[in-house]
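In what follows, chain A forms one complex with chain B and a second complex with chain C.
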Partner chain A sequence: MCKEYDVVVIGAVAIGTSVAYHLAKAGYSTAILERGDVASGSSSHCDAVALICDKLPGIDTKMGQASIDYFAEIADEFEYDFEYVPKGCLYVCETQTEFDAASDYCAKQNADGYALRMVGREELCEMEPHIAKDLAGALYTPESGAIAVSPYKLCFAFIHEGRKYGLECYTYCDITKINLDAKTNQVESIETNYGTIKTKRIVNCAGAWAPFVGKLTGLTIPIEPRKGTNLVSEQTERLCNHKILEYGYMLSKFDSINFKRKVSPLVEEQNIAFNLEYTPSNNLLVGGNRLFRDYDIRSEIETLKAISERALRFFPELADIKCIRAYSGVRPFVIDHLPIVSDVDSIPGYYIAAGHEGDGICFSPVTGRFMEQIISGKPTDFDISKLDFARFS
Partner chain B sequence: MLQKDVLVIGAGPAGLAASIEAGKYGASTLLVDLNMQPGGQLFKQIHKFFGSSAHRSGTRGYDIGKQLLQEAQEANVEIWMQSTVIGIFPEHKVAIEKGLDSGKKEMITIQAKKIIIATGASENAIRFNGWTTPGVMGAGAAQTMINVNHVKPGQQIVMLGTGNVGLIVSYQLMQAGCDVVSLIEAAPKIGGYAVHAAKIRRAGVPIRLRHTIIEAKKGENGCVCGCVIAEVNEHFQPIPGTEETIACDTIALAAGLKPTMDLVKLAGCKLTFNGPFGGYIPLHNDRMETSCLGIFVAGDTTGVEEANTALEEGKIAGISVAEDLGLISPDTASNQRKEIWERLHSLRLGPFGERRMQEKEAVMKEYETCIGAPIPIQ
Partner chain C sequence: MSTELSDDMIVCRCEEVTVREIKEAIHEGARDIVGVKRRTRAGMGLCQGRTCEKLVQQILVQELGIHPKEAGTSSARPPVRPVTFGELAKGEVL
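Coming up: the complex of A and B.
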């Protein structure tokens, strides 16, 4: 018998599982298709925080804050524990120049109503006793704007909760064809190794792989894979109390920011931005960088060395802590650093929720809600026309 | 970055033999090992080897080790001890935590044209209540303590497992002055050679067949003070009511070995599961090359066997890299490999060997079918 659903979601990492959960909860018969296992894509190859302070002022930050507030709600509501921890974040500034730049950023965010504040060297050293003593200070984001979750447990949680509303999940599913109506271009069905699945609506949530799904219906989706690497330490006493990032992270993420750090050629070439967080198991995650390497996620020794070198600058005691593992993953990069959360004019019934780069975990709850609102023809919580796919045409 | 023709990982019999061959033909060869001294398991093998004179029968393991070391030096092989390979990266880059004379470690990245992985095997653990109590250890660990470090692991030993390792280590523990209380074997018959079992029996040590250990007892000092054994049924499940307690301070586990696969996996080599060889092993061809072009394997990493087969496989790997580096002609290499394979056939005879020969052939056949030729890695 031919399977039929109101909506089929493609890709079961943070964005896709959230979209599928929200649609199922809204009463749509929903299926989610995944090429591998749940959470086998980027959401199991990333770090674990959701922040407002790594985003540009404007819609970026607005979505971040909406998501972080929403995380607190679903952490209460969900039966499945996804290790939600309010954390707080310090954006450390190596020099006075960085401190001044961060102060400007802080002022802009304050003007929009976000409770960020600058802390001086002394206060920074009190908040983080193990940090290098010669830093200029930091931008502090309180727990209301900086939380941590387990990214893959988050995916499992959305699937688990979605199943309560009838969500069906197809793993190791290969999509060979998406059939459109010859006249109207309306989505009709998907051909897979599970057989033909009839549906009038599909949501492409395939992240860095969204362009491949796009190609099946002749769509060009301008997403590129951007590689990031993290080191994992042995279990250790808690070396930091907050999520720590260097201000240079903004530089690594947004190449439009005109700012130069004094770093070694290796750190420069590897595009390293130090960040550090502890996990519930007391291992440290040490990052990170952004590089274009197509879909190759093998770790590179030069990257590992450069991350370590940069980390020691901020936390000298890391020299005595062993690295037990390293992993890399691809982030779905879009040139304007904004995701695509949108319908597609040329194909009725085709939707895209992809291209969140490093914000997939952070933006997943609101993205799911927005997509349900778009499909239901409701107004979205706030104006997200900047995320429209039509901006690329 | 330090450049080498050949990097050999693991200085046991396979790694030593491979580096001697590669070095002998003029390849710049680096051999690394995380232990204090090279030789792998050879230096704790105080017993004489069996077999033909071509395989050094009658020679003790540690003498073979000394001989190999000398040959490696003559072949200009550079050896780094207490050095751990922590990763194999794209383009044959290998990160090594090198042990320095000062006792400190230094991270060094080298790039090698050819890599030979000969990381051997590790002991299987058996889990029972109290299995992590101090005094429970692998039989190989007990053997290292007596034969290499000259320290007795304890006074009263219970050995679990009667394969050749269980039997030989039990006998050597007795020679070292320990009291081997009992050998415990779940199967209905002894696993190892009768000649080794006879030595144990002559010494009056009971071998308890169809029994297993179900608990390690912890004494007031926090260490093992005894073990509870029980008879097992035909499904190897303990039969209630048959428990008895044996006093001992050491429980040695000789429950087989499994190939050490970490680096093989990191390098991206294609694997196959093979029960008789101890678990997952890398697919390889008759030149000992894996699915990854330029990455070779030898010894127990390719399936648990013994020192002589490891030596021979190491030689094949060494000859093959010398050939690929253009240091010897394909004809010479091919002839030499043929001779070695003949010797390997003779080693893989008899009730234990024949099965391994068949399995080895199956692994190489799977390689031909599934891979054909090694795949270049970018």
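Coming up: the complex of A and C.
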């Protein structure tokens, strides 16, 4: 029997599940295909925060804020609990130089209307009693701009809610071929181990693997895997009250920002940026770094050492807390640090929503909504022409 | 092993996950140990599945009629035993 859908989404993690949910809700008959289990991609190997303060001023921040607002809405509306928690975030500055750089950033974001503010050393120590006492201060983002969710529950939630609108989900699905019309290049069907699925529209949401799906129809999609590692502590008392990042994180994320930190060669070489988060199950997540290692997500001993070393600089009490596990994942990296949320001029019916690097969880809800608007030919909530695939041609 | 496990029995003691919760996860689509873990937290606690993995495997085999090998194992993640961040930073235990 040949199956047929209005739209087929490829990849069932943070981005794909949101896209599929939004399309099903808008009335399209929708299927989502995943080569593993739901939530098996990078979204199960990451942290789970959505912040505006780790974004560059402009569209990056605008999308972040739109998504954070949207998270609050769906957390209320969805039956499936994805552990939405407003958190607040502190970007801690080790030195006065960092504090000054953070103050500039804060001023730019304030000018755009975002409620960030700088806090001095004393206030920082009040907000975070366990933090090192010799830091210069921090950039504070209130709960309205910094939340956390469970990344895999988010995926299960979108599937659960999508099914109410008829969404069909095929896991352990291998795609062998995508057929295009010989004359028009229009998408026609997908061949899989479940048989041939007819559809006029596909959305490539395969994250760091989107280039491989692209190749099936001769598309070059410039996304590369950028590795990150986290350490998980035993269940412990809450060492922190907010999501904590070091301001140097900006430096590890964006190569356009350059100032040198006083760190050991190991921390430098491993491109470590400290971040700390507590989970609803009372574990601490201690991270992190950014490295290019192809698709290899084995944990590296040197990384574990470097992350621990850097973490102790900010939270000395970690020295006596046990680490029970480490994990790594790959972020879908794009050279201009913006995702691709777009149609594809050369292949009618082909859409891409991928390349969200370190923000795939954060941008998940808003990406789903944009993709539905693009496919329906509606205007998007705001101008997202910067996310167009055509920018690479 | 073919012994019936009672639904209220706790399989993962670290995270207090019961047989019933594991069966529910399987019915929601989990096909292997990692899939069960993501849905229930079984195997995510202090012992990292050392005790419960065999039992989870047994339930998967019974519910899905698969071979134990198909149930897989959870990914091996360092460190092999809990060590403090202090020890890790010094690199003494690696």
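Going forward, the second predicted complex is superposed on the first by the 393 of 393 C-alpha atoms of A that agree within 3 Å, B and C clash if a C-alpha of one lies under 4 Å from a C-alpha of the other, contacts with A are read in each partner's own complex, and residues count from 1 in each chain.
The criterion applied here is as follows: a residue touches a chain if its C-beta (ideal position, glycine included) is under 8 Å from a C-beta of that chain, and two chains touch if they have at least 3 such contacts.
As the structure is a computational prediction, the values presented were derived from the model and not from experiment.
Once the two complexes are laid over each other on the shared chain, residue contacts for A:Ala319 go to chain C alone; chain B is not touched. Once chain A of one complex is fitted onto chain A of the other, the partner contacts of A:Asp37 are limited to chain C, with no touch recorded for chain B.
Legend: residue contacts after superposition of the two complexes on their common chain; A:Val334 is shown touching neither chain B nor chain C.
Once the two structures are superposed, chain B and chain C can be ranked by residues of chain A touched, with C on top. Once the two complexes are laid over each other on the shared chain, residue contacts for A:Lys305 go to chain B and to chain C alike. Using the contact criterion defined above for the overlaid structures, shared-chain residue A:Cys53 touches neither chain B nor chain C, since it reaches no partner. After overlaying the two complexes on the shared chain, residue contacts for A:Ile384 are found with neither chain B nor chain C.
Annotation: chain A residues 299, 301, 304-305, 326 touch chain B in one complex and chain C in the other.
Chain A makes touch with chain C in their complex at residues 37-40, 44, 152, 156, 169, 171-172, 231, 233-235, 281, 286, 299, 301, 304-305, 308-309, 311-312, 318-327. Interface residues of chain C facing chain A in the complex, by the touch rule stated above, are 15, 28-32, 34-35, 38-39, 41, 44-46, 48, 75, 77-79, 82-86, 88-89, 91, 94. Across the complex, chain A meets chain B through its residues 296, 298-301, 304-305, 326. Contact residues on chain B toward chain A in their complex (touch as defined above): 87, 89-90, 93, 95, 107, 109, 268, 378.
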